[in-house]
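Alright, structures below, take your time with them.
In what comes next, chain A is part of two complexes: it sits with chain B in the first one and with chain C in the second one.
And then the complex of A and B:
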């Protein structure tokens, strides 16, 4: 028997068993649209009257389940710290040691800059109105970080690295992560449970709604935007810079 | 409003997601694979929109079409350029 046939003989029964189990599991699922989440229904009913937020998802993430999100935020913080510890070299040569950016066409740079401005604006809008319309600090933060990545694509590594200095981003990231905890502690200090909503619920469907949610939301936006930019820069530095340097030497 | 039956639009997007997922798994070239995975992510975004989950759709959009491909593309650029016949080198 050839290897191909042996592989087939082993794989076909195994695939059959796995397939049978999967179909057996799928046949037991509730039918399409049959929603069993009592918690979801409850949040949908209470979020608007209690918190005056028209986006129940953000009310859940930054208020009702705010503690979970704090944990997630520290996971991101720890992950970025780990990546930076591994990838950022001590005694780095800095931006000036990196090979010079290839001059891109005017059209590419213009389009890149317009897309960057648009991306940052969309990110800020997503974050700012996160508790009114779909969006929130996480989505807004990643959108802002992605917009900055366009700087590398349109103008090159040096242009990107100069505008995303670690001296500015590292404190920003820590401020975002810490700010979340500070809002929680402020509630604790005033004699309420951790992360209890301190401020009045405000006017529904305006920026002045949701009480503390706005502050927690912005803290998350800053943390996520800075964390993702740091991550991208660390990867880029690790992979692109030595590569380009080796290429220019040849 | 709670969706109770599968409307044709949702069924169509679900079928497209299945096709895209299979094509990502079957693709042999890493560069094409990451591009396909971006398309697959974008289709998932559309699926979440038609299932009325715009918040998840937004998270998915930034994660699968921007953040994930960026990191993988950097890795591909690194490993692909080592090959003497890689695409990276041919451009020069």
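And then the complex of A and C:
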């Protein structure tokens, strides 16, 4: 018997026991659709009157539980730093070592760039209206970063690497993570609790609503967009540069 | 029927654990971790559901309309972001292990010294 099979044979009864406990626990939950969490209900009722934000989820993420999100932002920041450090050790040879893999199909380039523009626009819209309609800084940031991945797919690695230099992305990421903390500290300086909503609530259902939520929201969008592009680039570099080296040896 | 959503969450979690136990590849192991983590999204979102409730977004909707719990949705959002970054970190470690030991099999890595 292979190792895998032995493990499988041991895992099944063990997971049977774990599963029994998990399902026993799950069966004690309030029945589906019948949950009456006071906290969630309270936020649904007060988010609009207090903060003038129509999106209660964004109000939770960037205001009522803003401190948690700040911690999460720094987890993101630390993880990206970790990835870049780990991968840097194995050597980076810059854009010059990359293969000249020009995308020759005009149709691919054209539609790729149109999709990129569309993706960035959708991302900006998701982030901008994050506290009014469904969306938010995280969702918008991820959409923008994935649009930038299209640059690699439709225009080649060199085009992607030149437009996503560390000199531009690293300060952006730091601005995103730091901006969040700065909004929190601003509240502290003006004598309010950390991350308290400083600004007036504004007009509901418009971009001028939610007070400081707007600023925290944009900080998160910038951070997430920059962080994901850095991650994508760091992994891409590991794949592309050795590939070019192997090709040139042949 | 009432239990279906919770049952799906439990099932996804167990399947992920099984995959992680029999895994012979660090990248596969990282994906199994994602599967396990996905079960928490299903669980959180299904706990927060309220019968007949809409999204907790009150643009053009009267305040006080039955809507699902926004707190668990915020938790799921946080969870997704953490999941992505942790997976990236794990994959970077796997790549590093592969560069040093020439394998991504955890068993062979255990035998590798140096």
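Going forward, the second predicted complex is superposed on the first by the 214 of 250 C-alpha atoms of A that agree within 3 Å, B and C clash if a C-alpha of one lies under 4 Å from a C-alpha of the other, contacts with A are read in each partner's own complex, and residues count from 1 in each chain.
By our rule, contacts are C-beta pairs under 8 Å (C-beta built on N, C-alpha and C of every residue); 3 or more make two chains touch, one makes a residue touch a chain.
Nothing here was measured: the structure is a model prediction, and the numbers come from that model.
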Which superposed partner A:76 touches (first chain B, second chain C, both, neither): second
Chain B versus chain C, judged by how many residues of chain A each one touches: C
Touching A:68, do we find chain B (first), chain C (second), both, or neither? second
Contacts for A:4 in the overlay, against chain B (first) and chain C (second): which applies, first, second, both or neither? second
Considering only touches as defined above, state whether A:208 meets chain B (first), chain C (second), both or neither. neither
Output check: A:40 vs chain B and chain C. Expected answer is one of first, second, both, neither. What do you get? second
For A:126 in the superposed arrangement: first (chain B), second (chain C), both or neither? first
Touch test for A:55: chain B only (first), chain C only (second), both, or neither? both
Look at A:15 in the shared chain and tell me whether it touches chain B only, chain C only, both, or neither; answer first, second, both or neither. second
Between chain B (first) and chain C (second), which, if any, makes contact with A:146: first, second, both or neither? first
Please report the chain A residues shared by its interface with chain B and its interface with chain C. 32-35, 55, 57, 134, 136, 138, 228, 231, 235
Going by the contact rule set out above, which residues of chain C touch chain A in the complex? 2-7, 9-10, 13-14, 17-18, 21-22, 24, 43, 46-53, 55-60, 63-64, 67-74, 77-78, 80-82, 84-86, 88-89, 91-93, 95-96, 99, 107
Write out the stretch or stretches of chain A touching chain C in their complex. 3-4, 7-8, 10-12, 15, 18-19, 22-23, 26-27, 29-35, 37, 39-41, 43-45, 47-49, 54-57, 59-61, 65, 68-69, 72, 75-76, 79-80, 82-83, 86-87, 89-90, 132-134, 136, 138, 205, 224, 227-228, 231, 234-235, 238
Write out the stretch or stretches of chain B touching chain A in their complex. 2-6, 54-55, 57-59, 61-63, 66-67, 70-71, 74-75, 77-78, 81, 92
Chain A residues touching chain B in their complex are 32-35, 55, 57-58, 126, 134-136, 138-139, 142-143, 145-146, 149, 228, 231-232, 235-236, 239-240, 243, 247
